[in-house]
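Below are two complexes that have subunit A in common, paired first with subunit B and then with subunit C.
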Partner chain A sequence: MVKFHDLNIARVKDAVAQKHTLRIACRLGYEVVAVTTVLKNGNELTAAPPPIELQLTEEEQQNFQQLSRITVVLSDKTNNSYLGNDKIKSYDILAVQPTTEKSFQVACSELNVDLITFDFSTWLGFHLKHQYVQTALRLGKYFEFTYGPAIRDTTCRRYVFQNTTDFVQRKEGQNTIISSGAEWPTDLRAPYDVANLYPLQ
Partner chain B sequence: MVRLKNRYFLCKVIFPSPDESNEMLTSQEFRRAIEKAAREIFGEFGLGIVGNRLRVIKVNSHSKTAIVRVQHRATRMLSQLLPFIKQHQKTDVIIQTLHVTGTVATCQKALIKYERRTLLELLRNTTNKDHRKKIQEALLSCTLDFQGQKIASDNDNDGFT
Partner chain C sequence: MEGEFERIVLKSPQYHYMMVQLDLFGAKANFDSDLFKNLIVKALKGLHGDVGGSIAVDIIRFEKKSLKSILRVPSIGLVKVWSALTLYSSHNDKPCHFKVSKVSPHLPSLSVNSRDFTSELLLEKV
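Up next, the complex of A and B:
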């Protein structure tokens, strides 16, 4: 039976709110969930906080697996050698969010990451060059975007649609992951509903 | 003979805020929420297509389920705009589509199946004895014994509007 994954649930400071979000995710049918910590400045890798795992009640834990994930925002100035850091290794999943063409190229070809994320709520700032995308696909990397901004903010919605259309046209649907990026439980949507969003692009 | 085809969506409405326990789901408000989302995502054109034979047929405010009808042509549109419904009468909601069927009867069957499963899960997870008793009574009221006779009296209080 297919397990539904939501690989991007934003880590919030309030543990009660976080637990509630996870509980709603469990209720909606997700079986594997990754709580994401975003590291905005790639050069502060050594200061990354440790991963967390929240205790839910026994019956909820049965079919529910929590993973920890860290997303590192890359820019031209990021020193990529820090990605082999012990603190990063303590997370289950490592993802990378490029913000420039150069960091995108590096993420696709050289870096040892499996997941490349994008923030589609504003102008991306660079184009997804076919050459780099093909390299990443050949190396077995996955691309991810979140639908949370489209639901939260009506002004961002337009950019999410714009960027995802472009993204889908360049990739033809391979190796794509859609996740929620949910900060509070209102941003979550059930798995089949999310699947319905894909043809919109 | 032209056949007018409709599609019936069985939707579950989840109120994620912890202090929502007594939110009443109404068909008028739900319809308004669908129309708002249709206009936001698909514009006036989309609102027209979705709104043609749009009707919120049944709403059960206890189990928070609703059956929505649209014309066949609007199936995809409705399934794509339901995730964008954020609020029902100023309260945050998550709409989950459970089933899409071609007739009301099938949709109702799906609803019964879903509610029966929910009741069984509730029975499994409740620790409160009073709640447990109430759920057991509810289950018995819709159960037949081996001869096909109803075990308990039918409670007319199932919350359908």
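Up next, the complex of A and C:
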């Protein structure tokens, strides 16, 4: 049976708000979610906070699996050797978000990561070179983008569509994950609604 | 009695029917079907421009209390209408969410959900 995944639900400080978001995700039909901690400065890897798992009611917990995910924002100055850190290994999923062409090349070819994610709410700053994308696909990596910015802000929506169209045309849809990046329950959309956004590209 | 049946195959439906509910996250608003239609057209124009706004969406049923409705959408415009409703996120500066619960080319199939059938129903004694 197909299980719907939402691999990017933003971690917020308020545990009550976080539980509410997870509850809404469960009600919308998602069976696997990943709560994402974002490390904005890659050099603070050693100070990464521990992963969390929130207790929901038993009925909700039955078909609902929570995973922990950490997204590290990479720039040219990030010291990538820390990615093998024990604190990072305590998370279920490791993702990186490259912000420059060099960090994108390193993420595709050298780093041992599961997911390469992008912030499509602004201009990416670099082009996705076909050879790096092919290297990542050969190594079994997945690419991810979020639809949350398109819902939150109408001006970001244009950037999201511009970037995703460019991205999809180069990759022809292989190994792509779409997730919500939801900070609030209002950012979440049901799985079939999200699947219907894809033909727009 | 021998079972006689006629099979009708519809290859390309002209219309799709959607069951949609507007969730205002607890905020109160006085909606009627005209205002609801305006909202749908606004969502279409917001994402797909005037071309999207020209797609003929008809409201077949509208329930004021729960803000549930059944829409009829031309099949060629289904992706545009569905995506516009998905991405529409605020009404009068308050967050809102169009929940699409069912989509089908056949209107009667919106009234039931086969997953709600129980085994007692299927094994009813005649």
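The rule is simple: the second predicted complex is superposed on the first by the 201 of 201 C-alpha atoms of A that agree within 3 Å, B and C clash if a C-alpha of one lies under 4 Å from a C-alpha of the other, contacts with A are read in each partner's own complex, and residues count from 1 in each chain.
One rule holds in what follows: a contact is a pair of C-beta atoms (placed from the backbone, for glycine too) under 8 Å apart; a residue touches a chain by one contact, two chains touch by 3 or more.
All values reported here derive from a predicted model rather than from experimental measurement.
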Query: When the two structures are laid over each other on subunit A, do subunit B and subunit C clash or fit?
result: clash
Task: Could you tell me if A:74 is touching subunit B, subunit C, both of them or neither one (first, second, both, neither)?
output: neither
- request: Considering only touches as defined above, state whether A:133 meets subunit B (first), subunit C (second), both or neither.
  value: neither
- request: Name the contact category of A:178: first (subunit B only), second (subunit C only), both, or neither.
  value: neither
Message: So in the superposed three-chain picture, is A:27 touching just subunit B, just subunit C, both, or none of them (first/second/both/neither)?
response: first
Field: Partner chain in contact with A:94 - subunit B first, subunit C second, else both or neither
entry: neither
Subunit B versus subunit C as contact partner of A:193, first or second or both or neither: both
Query: Overlap of the subunit B and subunit C footprints on subunit A, residue-wise?
result: 147, 150-151, 154, 157, 184-186, 189-190, 192-194, 196-197, 199-200
- line: Per the touch rule above, subunit B residues touching subunit A in the complex are 14, 16-18, 40-41, 76, 79-80, 82-84, 86, 92-97, 124-125
- line: The answer for subunit A against subunit B in the complex is residues 20, 24, 27-28, 59, 147, 150-151, 154, 157, 184-186, 188-190, 192-194, 196-197, 199-200
Message: Under the definition above, what is the set of subunit C residues touching subunit A in their complex?
response: 25, 46-47, 79, 82-83, 85-87, 89, 95, 97, 99-100, 103
Statement: Within their complex, subunit A touches subunit C through residues 147, 150-152, 154, 157, 184-187, 189-190, 192-194, 196-197, 199-200
